[in-house]
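I have a structure here, written as structure tokens, and I will follow up with some questions on it.
Chain nomenclature is as follows: A, B, C and D, assigned in order of appearance, with residue numbering initiated at 1 for each chain independently.
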Amino acid sequence: MSSSTFGRLFSVTTFGESHGEAVGAIVDGAPPGHAISVEAIQYQLDRRRPGQSAVTTQRKESDTIHVLSGLFEGKTTGTPICLIAYNEDARSQDYEKLKQVYRPGHADMTYAAKYGIRDYRGSGRASGRETLGRVAAGAIARQILAPLGPDIVAGTVQVADVRADQRDWAEAEKNSVRCPDKSAAADMEKVILAAREDHDSVGGVVEIVARGVPAGWGDPTMEKLDAEIARAMLSIPAIKGVEIGDGFAGALLRGSQSNDAMGAGPGGFLTNHQGGILGGISTGQDIVVRIAVKPASSIAKAQQTVDVSGQPVEIKIEGRHDPCICPRVVPVAEAMMALVLVNAWLRQRALRGDVY
Amino acid sequence: MSSSTFGRLFSVTTFGESHGEAVGAIVDGAPPGHAISVEAIQYQLDRRRPGQSAVTTQRKESDTIHVLSGLFEGKTTGTPICLIAYNEDARSQDYEKLKQVYRPGHADMTYAAKYGIRDYRGSGRASGRETLGRVAAGAIARQILAPLGPDIVAGTVQVADVRADQRDWAEAEKNSVRCPDKSAAADMEKVILAAREDHDSVGGVVEIVARGVPAGWGDPTMEKLDAEIARAMLSIPAIKGVEIGDGFAGALLRGSQSNDAMGAGPGGFLTNHQGGILGGISTGQDIVVRIAVKPASSIAKAQQTVDVSGQPVEIKIEGRHDPCICPRVVPVAEAMMALVLVNAWLRQRALRGDVY
Amino acid sequence: MSSSTFGRLFSVTTFGESHGEAVGAIVDGAPPGHAISVEAIQYQLDRRRPGQSAVTTQRKESDTIHVLSGLFEGKTTGTPICLIAYNEDARSQDYEKLKQVYRPGHADMTYAAKYGIRDYRGSGRASGRETLGRVAAGAIARQILAPLGPDIVAGTVQVADVRADQRDWAEAEKNSVRCPDKSAAADMEKVILAAREDHDSVGGVVEIVARGVPAGWGDPTMEKLDAEIARAMLSIPAIKGVEIGDGFAGALLRGSQSNDAMGAGPGGFLTNHQGGILGGISTGQDIVVRIAVKPASSIAKAQQTVDVSGQPVEIKIEGRHDPCICPRVVPVAEAMMALVLVNAWLRQRALRGDVY
Amino acid sequence: MSSSTFGRLFSVTTFGESHGEAVGAIVDGAPPGHAISVEAIQYQLDRRRPGQSAVTTQRKESDTIHVLSGLFEGKTTGTPICLIAYNEDARSQDYEKLKQVYRPGHADMTYAAKYGIRDYRGSGRASGRETLGRVAAGAIARQILAPLGPDIVAGTVQVADVRADQRDWAEAEKNSVRCPDKSAAADMEKVILAAREDHDSVGGVVEIVARGVPAGWGDPTMEKLDAEIARAMLSIPAIKGVEIGDGFAGALLRGSQSNDAMGAGPGGFLTNHQGGILGGISTGQDIVVRIAVKPASSIAKAQQTVDVSGQPVEIKIEGRHDPCICPRVVPVAEAMMALVLVNAWLRQRALRGDVY
């Protein structure tokens, strides 16, 4: 089943295992004639790459992207774009000892239950490395969307109990945790390094904002724009929740507070409690999304688990891991948002080519 | 675009406007030979029906379901099942005055932006009435799933700032708010009626638990089980957030707490912080989901808005509305969970018919 | 599985059994704002209706179409359109005796093999009656396409060994076999009535021509325009072959004959051996398609077959049947062509809204 | 749009241009635990490879397949399988002169009309080279299907007016035209070489037979097994027609001849006029399909055409071309049949896992 595919018009299919030959994606359905910079793809991959800073894993991968098809003289041709990065620093022997054990918080047990066979090397397909293809595809989507208006920013807004008060998105790219609040960023970094010190990891929250999305994108029932965003976000490894606008906090409001009054504001709205989406369709305001990022599963601390035969064992996961994956989730979440939006745009253009 | 369809194997397409001739759904892909009770479908529709209690709208609809195809001698034949309920108490004249106005919190403005035309009578397709077809289809899915083990319960666990401490699911069906905590239920009812008194509405949180789901259901990347659940839940009107297991609260944990240790517990797990899903695949534990329900948009209180030409106007939405939609969201959320699960089961059976 | 759905953008899902409550279709994805005449839908259904002439079945059905949703003030709203016709003259008792027998040439045995259960009344879902929903949906597609240029005609060009020499499409609607050659039509009618006299049936060939389709519609690899047409045509009951342009006769040509030279002709082409499609994409010329229609399966003549337990029996199929289904295939094939084209148009508009 | 994808459960997406970096395919949805021989994939590619014999193009490509993901210890893991072959003998300079000209019979003009941009080197994506990924994916499908019974054979049964009388499938692999009739094969080869001598090409007919397919595969309405086969076959470059069983010749029969009587034959059928499919579902008999293959478009003979500005020009297509593509269509058609069947099997297993 094409369960590795996202998007029905601009369709992205990722492939590859963490310790296989390569990882990548096929983009099918990119509209023709759009100029694509391979450097801009590489830039996004570099933001996702391991080994960027003290708070990320030290695995060494250049993640150099190769575009094998679908571009001609620097432009999309409308045919499938094959994006590939060959794996370099795959130390599969690190994983040999994990072959017989189900790591807590990992998908080892569930892959075994589902498939009856699993590539245990570096989590195989369940590795965060699968997201490389998403980021590359998303970088193409972003380049196509940019001239139309949409612009996507994201950052870490919470790590453990440290919360960002500011939303200075330019700042977010300047610190190792990608926090849009400089002062909170410093505290977040401390919390992360303290967790690593304890051979442990921490969770957090990432916020994604899509600005400049015109009103009228998204579908109204089963494929609401927020439903597609939710699906996109929860398809990212380690994400356990998503909220739009006020989200869960909105439960505390009354309708008279939560309903965004209209008047002389941008696009007519005076507030944005609904996060830029009403009835599954964009309002023209900022689309505001937050996602819950669980603490990284791979920790060096001793944990109680079972082996493949069900016998209890203790495990310490050695190796090169992220003590907090929020900073690396940021470019992935942006990419997924871009994939949702480029599809919404194409769908709206199919429906109403007269006005798009 | 088939944006009114949910599910690729057990596919449900809803149709119908709030004040049109009828609402309903087509179920395509139900496996053949399963006994289906029409009474059991009606039972679920009655749980969703308006006018059940003091805390729901007083619109009068019998919501009698008609099965026009796909069943033969009480069993599924594998062909499309057409489920239909004719509208009865559609007072379209109530809406004539709203024709020129965008109601705050409603999809009026976004439908206009998207389609350039809208059926303004009773919110047309954006009405909660669209969910009738989902509940009917979900009732079929539940009957097919039941013999396999999965059983779905849900209830209102928060209204405004009143939270349920208990999870007594049998209790949930006994009170008007469908709260699994008898004492919290009474407080919730008070909060809702107070809001109605103020011509206002309140939001809340609904929790859905799927019990008895075998390990191994769901797909690992773009169509993770939790991603599909998230999409299903945010496709329900008025839902603004979803979380699985600890969800957003998990951001406060460390990996050593959040990782569910394995040992001699049911299915091997000692805790269930992950909400029964790892790597997008079911673990065999309870699948625990919570959704944020925004305050109902239709309130009689005066609100500031604009008309279709952008001129500011004040609006009071008279009519028959729900001051809190949580109780009526409960059966809809259960239905959507059932649709996710029946698809996951069929997909897993396609993949590994040898063990299913 | 949504195997009753045709089209990914303009999606049509049919439902209903021959002797159930109703037959019909849901159209999801119709672009908004298009005026739709219900009379024009009914006109197409009347062309498909039983009992039109001496050469069709005498079953009496008014086939009155009801549009339950998706139109507002005579226009599409972009939401699902539910089209339904209630069954009237369903004499299920005629079929009671066929319950235990597999009729030769029918899908009785294969439905049993596939589903393990079957609605044997009037062939259930395998009845030609299933095509009613297709014709109704196609009539909507045609009304949307018409202002864009495409116009679809079709007719019976062969019955048994009688072949049409002319392609006078206006004539096709004037004779009972829908043959675009008046003189051949008379011979075809004789051949059909002679077959009925013998309690037998005859096959034929139907030709469909889509005129006014712009160059550039269709996709180049897996979803070539001709591949979609082929799928559409072979999804019609009793169709056993399809060819585009010269089709099978083209095997006898050399490349220098078969390649359509370009010059000062319409759209640049001097001939149309390729039937208006090159590389899966429309050339702007007429799209010319022929389909092989097998002799109707239901014949009153004695036939050798087996019952559900595998015992040989002799069968004579009494009842009201078509001795040649070509005339009634014509509107169905036109409808399927319209569904292919409306999807191709929407897809092309998604891809290149700038020029469409 | 994912128009480069075939199959909804076992999904194959091809990528790559004739003169780009590589061609290949992603297979998503292969069921886990099936042993796959890479040599068996290579064997099928070698059957499709250019330069096999005097009657095929002399382009030199080793077409060595690389499997970059989805296999582990020789077995499918259920995750996407990336299949890739790097292009070697791409002489793009041959095509520089064709940049400004629309070759007759080719997709040059239609690609330009559709996309407004085209990779003119070696036909880009419209090249027969795109089928490499199909054959590789089909080779995996065949290995999965083989233990279940289905076995696919094919051969050239007509070239120009030379027709095969025999169906000796073992013989088909022994001659250069892949004809299952040794004596006809010699005549076919003469006809092809004569056409090449004249700087021209010839067309033909290929027959594909799937043996050992159980009764009950395929869906009954929009996705009939024959409709899926038709779509699959017409998605292959240069195919202009398809017929099942008697196909167009069946138009000449009466129902009493065309209806396959049942009795003591294999699976109960005494004849196979219907080609193994009734009502869109397999009968358990051989599935018999024939496809019309047009004369190869690339010929060295002078042809009249226009350039991109619409000016008439004469063209002679130099280079390395196939004078008859039937022999190379054979493995591609077999592969497409395998892709249809593996999907039908998985769908049937989803629907009725109890009996599969």
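Assume a contact is a pair of C-beta atoms (placed from the backbone, for glycine too) under 8 Å apart; a residue touches a chain by one contact, two chains touch by 3 or more.
All values reported here derive from a predicted model rather than from experimental measurement.
A.B. asks: Could you work out which chain's C-alpha centre is the most distant one from the centre of chain B?
C.D. replies: When every chain centre is compared against chain B, the largest gap points to D.
A.B. asks: Please tell me whether the contact surfaces of chain B and chain D are same or different in residue numbering, using the over-half criterion.
C.D. replies: same
A.B. asks: Give me the C-alpha superposition rotation for chain A onto chain B, in degrees, nearest 5.
C.D. replies: Between chain A and chain B, the superposition angle is 180 degrees.
A.B. asks: Hey, how far is the Cα centre of chain C from the one of chain D, in Å?
C.D. replies: 26
A.B. asks: I'd like to verify one number: the distance from the centre of chain A to the centre of chain C, where each centre is the average of its C-alpha atoms, in whole angstrom.
C.D. replies: The computed centroid separation for chain A versus chain C comes out at 45 Å.
A.B. asks: Two or more other chains in contact with one residue: find those residues in chain A.
C.D. replies: Counting only residues that touch two or more other chains, chain A contributes 1, 3-5, 8-9, 14, 29, 32, 78-79, 114-116, 125, 220, 347, 350-352.
A.B. asks: Which part of chain D faces chain A closely enough to touch in the complex?
C.D. replies: Answer in residue numbers: 1-5, 8-9, 11, 13-17, 20-24, 26, 28-29, 32-33, 66, 68-70, 72, 75-82, 84, 114-119, 124-125.
A.B. asks: Under the stated contact criterion, what part of chain D meets chain B in this complex?
C.D. replies: Going through chain D, the ones touching chain B are 8-9, 29, 31-32, 78-79, 220, 346-347, 349-353, 356.
A.B. asks: Mind pulling up the chain C residues that touch chain D in the complex?
C.D. replies: Going by the criterion above, the answer is residues 1, 3-6, 8, 14, 102, 104-107, 109-111, 113-116, 125-126, 130, 158-161, 195, 198, 200-205, 214-224, 226-235, 237, 240-248, 250-264, 268, 270, 274-275, 277-284, 292-299, 301, 303-306, 310, 312, 347-348, 350-352, 355.
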